[in-house]
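Heads up, the next two complexes both have subunit A, just with different partners, subunit B and then subunit C.
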Partner chain A sequence: MTDSSPISATDGSPAPAPTTGQPASTSKTVTAVIAANFTNWLPYILVPVLFILSLFFISGYFSKLSIISLLILASLLGLSSLGQTMTIIAGGIDLSIPAVIGLSDIIVTQLYYKHWSLPVIFLAIAALAIFVGTINAVSSVLLHVHSLITSFGMSLVVSGVALEWSNGATTGAVPGWLTSSVSAIGHTGPIPIPLIIIVWAVASVLAVAFMRLTRVGRETYALGANAVAARLATVRSTWVLVVVFSISALCAAMTGVFFAGYSGIPDPTVGQPYFFLTITAVMIGGTSLLGGRGGYLRTVMGALIVAELTTLLVGVGFNASFQELALGILVIALTSTYGRELKVAAKI
Partner chain B sequence: MPSGAQQDYTHYNLYAQLYPNAYQNLKPATGKVQYCESTFYLGNTYQQGEVTAYKQMVSQLAAAGQAQSNFIVENSNNSTATQVSQFQSEIESGCNVIFLDAGSTTAFCSQFTTALQKNVIVVSLDPVYCNNAITVSFDVYQNSYELAANLYKAMNYQGNLLEITGVPGVADAATATAAATAAMQGHSGLKVVGSYTGEWTASVAQQATAQWLASHPGVKVDGIIDEGAMGVAAETALQQAGRPLAKVSLQEGDCQELAFQKQNPSLVPFMTDQAPAPGAYATMDVALRLLAGQQPALDTILYPIPGPTAATFNQWYTSSMTTSSACFASPKPALPAIASYLNQFFTGGQPVASFPEPS
Partner chain C sequence: MSSADGATRLVIEGLSRSFGETRALTSATLRVRPGEIHSLAGENGSGKSTLIKILSGVLQPDSGTLTWEGDVTRLGNPSSAQGMGIATVFQETLIAPEMTVRDNIYLGTDRLFRYGRRKGEEVAGARQALSDLGLDGLDLDRPMWTLSLAERQLTTVARAIIRPWRLLILDEATSALDHHQRDRLFDYLRLSRSEGKSVLFTSHRMDEVLGLADRITVLRQGATVATMAGSEASRIGILGHMSGRAGVGDVVTAEPAPRRPGEREQGPSQRPVLRVEELTLRATSKPISMEVGAGQILGLAGLEGQGQVEFVECLSGLRRPAAGHVLALGGNGESRPVRSYRGANRLGIRYVPRDRRHEGLFGPLSVFDNFAVTLWTDLNRLGWLRRQQARKRFDDFAGSSRLVSASPRHPISTLSGGNQQKVLLGRWIAMRPRVLVVNDPLRGVDHNTKEELYGLFRRLAAGGVAIVFLSTEIVELLTLTDQIAVFHEGSLVAMLPTEMSSDTDVVAAMFGDQRAGDGEPGRDGEPGRDGQRGGDGEPGRDGQRGGGADG
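== the complex of A and B ==
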């Protein structure tokens, strides 16, 4: 029930080879174990492979500015996918992420322009995000419908609020440090790395620790693996959903704040590309859409793969249509590979 | 075609199709007119600016007793099929004038016939390839050609260009690309090193430019072909990647473009004002004339695009504008020229009682 549970108890570690059975079947099982371990490691292998391919195809790719630019794009996707990973492991999905990104972008640019203090703005955004996440979770539980529906409804509501708030002829502003936090030439104090990359790195460590070490994290896996069994095992399903959907909305809101720094203007539609991209990053990483399996470390790899692949395709001259085609093929290829799990007998 | 307008129709066949006036037998609504809009585009900043301008003008007309106070807007969220359905619904539900931001040049033709039969005036903001409606627009091809030609000239016809295109599949986007390409003919020193879509959205253009810059670390960018509201976003991406800024012609006339021009006058050789309010004003002007019984010379009115020059820049720019601004400049400097230009297209009927203006 942890990061790579189909095969092993810990993320990425090889599963134990079977010790019983006939020689022929043992041979087949060993082959299956090797194949399953390979697919388990695939996202971790793809990241350096794509990087090396990019070095080969793109002149000057191994420069600090290029690598940091790539990491900024991956960070935006990675942060917005953090909560998505948790909701999917819990057996749900959060379709309100793009709308929350847009609303957060609007709030920070509009209120900062009106001279609100940043701590107050951030608190307001956080409170709103927790409210949205809670409504997503509670409405799903109370109405007995999948979060696909409730979060999609919430997405429309939040988008409507963002559009109504921005209302066309508006002006926004963001502090200089926020712009610098998503700039390839930005610094975080004395460190010559923009803030967003550091925030993503810290958030990644916290997310992995949360899922592995806390009770709510373990309950998230249990709920996603089998909701009925989880309830019988006294898993606090409503509380778990409230926590993961709130984290999802908070991460989306944080992404929206960074987007505000990125473009500097209020744009309610800024999160739209992330409608499918967050799910793509989760799937490419190897977290099961059926819930109960996977982990955020895998999504980090998924976000890096998406950013690297897109950069590589742009670098060799493929247009946006082909980039989507390539991402689609990658999703199908990887998810079909991930589906090739060991039979239960081979795991024992 | 009026002789004073012929120069604005030089390349009309690359953008629009002309048909005779279809409103000879129109029995226009009297009393309080119901104004409506049908739009293809999701509520982006431009679209919202357009609706705001219409609402302001309808509000003024309502105060004068010439319009219903509510302005009905249907948004199809980028679905042509939905827009056709919404448009039909507006015709049936009592709209007297419908402003149309069409997602297709041909999908509405049968609805135009229905509208005309019901004496509903349809004023399209984009070209439509059939009769029974009236189009009021500037020539996108001509404008895109001039923007590109001025950019290339400022670059001394030498250097690397990034081309940022609009929404794929939309006629205006293809027209702008064709015009920019045509203006490059015979200038072998210019090279388009990157071409990608920014979907007429600043955040999309900025991310796409950042992605392109990350994948082309050694390629210098000298100029940006901005095919609509994406030039400053691309410049921001250049700045954030630690690259030098590039020359760019700007066409939107929004606050961030004006602020960018103010800060970097040497980088912006040419500007136009495609802001939503002047376009809304031009279409409202034509609708009011038709309601007053005036007859247009033809069904497609192409007006010269307004824009600031070095001499008139301060009529558009105000010191509160920044490169983070998402507002549009006041349309006031553009309106008198549009109104007087439209005079030559109309004959007969009554003078219009009051011309509302967006602010």
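== the complex of A and C ==
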């Protein structure tokens, strides 16, 4: 359903065989296409498969509470990976996500504790996020270095600020609704689903629409696919980077706010695992680290897979180190099957 | 007739290779004997490079046989080809710029550890190879990037010949060399021939082919169409086989083009849309002034690196000239200077780059996305795409340009080179350009698509678009353009009216021969305007056609 939009089906689909003209060797091409398309659909297949597997291995898995818990886990990862997907499609990468999560967690818990009004806190966080994202993008353009470097530097700066700010502070406060927004028994108004899941669902729809239906979205793909050609095609490279890195920082900040609700106390290191987790979700979904191919719907699948796999492994009794090992193997196994295109030579 | 004549080093029969829809080689046949210099001739896109890549183990053929010194062989990879004694110098000068000359020469010969050889041996070997090629004084410890283009090219030849070889393949390996360097290289090749070695080379310079080759094999559209002895070959004969047109010599040298019939006689009435004022490309070159009119196709010619590329870059705002201006002229006489690439685009000057893959295509994206990327500038409502309109423009373009594409949703990489080029052109044509600046757009495009693209350019011009068309193929310029501006050493040396020019005129001007332009650039003020559309080209042309068979 997702890859069938009439125009923008550039969701990393490996090259189908040309149907006009005379294909070089028909049988070989047909098998290649089937194989390529199969691996291309793997993330969409893995989500239900893992779910069914978990049903067998974990008693009581098919309950509302356990499914909601799973979705909360996926939402935290999915939200923080939203902007990451875009920066990677644009040919960059955002390493400052964990730091921004941490800083935003500190800001909410500290300022709310000091009785600032919530709208002001959220506005301040949003402004800060846009500032961080803009600096990430603009410095990368001006200094002619990959955003890997600028966002890594930014990550150190932001972490430093967060640590300094929270220095010694162990007390903080968050509003009650924020706590229940990430609780499995939380409600969103009359809907018996915690807020974070609804936020994630809405953000996902917006992100997919943004990438497919807006000018900046299409320019993001073009920039990531070929930066030189993008410039010559008058793509607004700097603007695209500013937008996607700002979105990335905004998503990280939002994740940080939800984390604050989760624990209620200030913790500048709360985002730490998301250094690799966001990239894992993006890669498992099938968005190429080389840029220009993939999409957020794939990352949604990636986040669900990570959450399901983690839950499954915990349920079966494996420890945290084994979970990382399993995720690592999954990343390598899946990404090696993605993008099995015609060989480079065949494109000459 | 197969291998009865025992004295063949390499026999190729019925070799074919396709890339997706493009059939680069359909049936190539070739025999190379020991002690022979063999030339492989063919137009761009005739399959020469593909054949050479197969011979050097870079590509595998789809079908056909390859017999090396009596044994049917498969060359699975480049090192197996090298192991058998086939050394190749590729068209692209493949170097590691940060490494030294010596390391570049020995690139790829290391085994597990680098220092399998003693340094002394390495130095002696490299010196020998370089001095064979006339580069005796070259410092082996210099980083590669400090070398001139010609020196780099010779170093890649040296890299090939330090390995034991019995067949040396040179793919356009002389393009950057001057006459003296070229002669040294040819001396070396002749010497090797006398030692019983074989050489297979391609060159765009007909005099090299005729002067050096013992035998010549001509490829056309992926198939071998003729093999002849060098002593019996003539320029006209080879060109005839290459293009497949009987008596092509007459067509090319005498009547340049099957021109647009009856369309606008080149009157001075064409409204100028682009004006170049005292443009200086390099500190040492002469200023250029000219105008390009709506509906005019101006060709740009020159040997590699003579300023024509800088010129198109100045026109499109990618490069600031050393001095002078490029002005876009509006309908009501106003003129606006081109200051930046974006600025040029706003003025309707659209640039189609030369390197399709690196500067034009978005490899992972679909055909439609590749086409529409520029359209979104206009076709959006508050940033949201107006896809129906874009789709309509795509369908219009695909129809009118006869784009061969299974589906606009398929990746652009599934298209043949020619169809990819159509999409890149379409990207700008759909933006309704006033001036289209194209940098060698028909490179690597197959014959039929080339004809279609000629048609496309002509229709555009008929619709009032001014086209500046840089090409490395003189035949293309003679076929398509109204005038040909020839560059030499950074200056415009001739402005030839195409109808009254032969390829000899163009070549002569490319080598800086002033006769061709009839003293054109010497005239102050306005070379390239109405004046020389008239009689100026005429006298020079007749004089040259007499001796035009090339020497």
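Quick note on the criterion: the second predicted complex is superposed on the first by the 316 of 348 C-alpha atoms of A that agree within 3 Å, B and C clash if a C-alpha of one lies under 4 Å from a C-alpha of the other, contacts with A are read in each partner's own complex, and residues count from 1 in each chain.
In this section, a residue touches a chain if its C-beta (ideal position, glycine included) is under 8 Å from a C-beta of that chain, and two chains touch if they have at least 3 such contacts.
Keep in mind that what you see is a predicted model, and the values were worked out from it rather than measured.
In the superposition on chain A, A:Ser263 contacts subunit B only, with no contact to subunit C.
Within the superposed three-chain model, A:Val235 lies in touch with subunit C and out of touch with subunit B [touch as defined at top].
Of the two partner chains placed by the overlay, only subunit C lies in contact with A:Ala225; subunit B stays clear of it. In the superposition on chain A, A:Asp94 makes contact with neither subunit B nor subunit C. With both structures placed on the common chain, the touch criterion links A:Leu163 to subunit B but leaves subunit C unconnected. Once the two complexes are laid over each other on the shared chain, residue contacts for A:Leu312 go to subunit B alone; subunit C is not touched. In the complex of the two chains, the subunit B residues touching subunit A come out as 42-45, 47-52, 168, 194-197, 201-204, 206-208, 210-218, 233, 236, 239-242, 255-256, 276, 320-328.
On the side of subunit C, the complex with subunit A involves touching residues 18-21, 23, 58-59, 62, 341-342, 345, 351, 353, 357-366, 368-369, 372-374, 376-377, 380, 383-385, 387, 390-391, 404-411, 413-415, 427.
Listed in rising order, the residues of subunit A touching subunit B in the complex are 54, 58-61, 63, 65-66, 69-70, 72-73, 109, 113, 163, 166-174, 179, 182-186, 259, 262-270, 273, 310-312, 314-315, 319-321.
Interface residues of subunit A facing subunit C in the complex, by the touch rule stated above, are 6-10, 12-25, 213-216, 218-219, 221-222, 225-226, 228-235, 288, 292-293, 341-342, 345-348.
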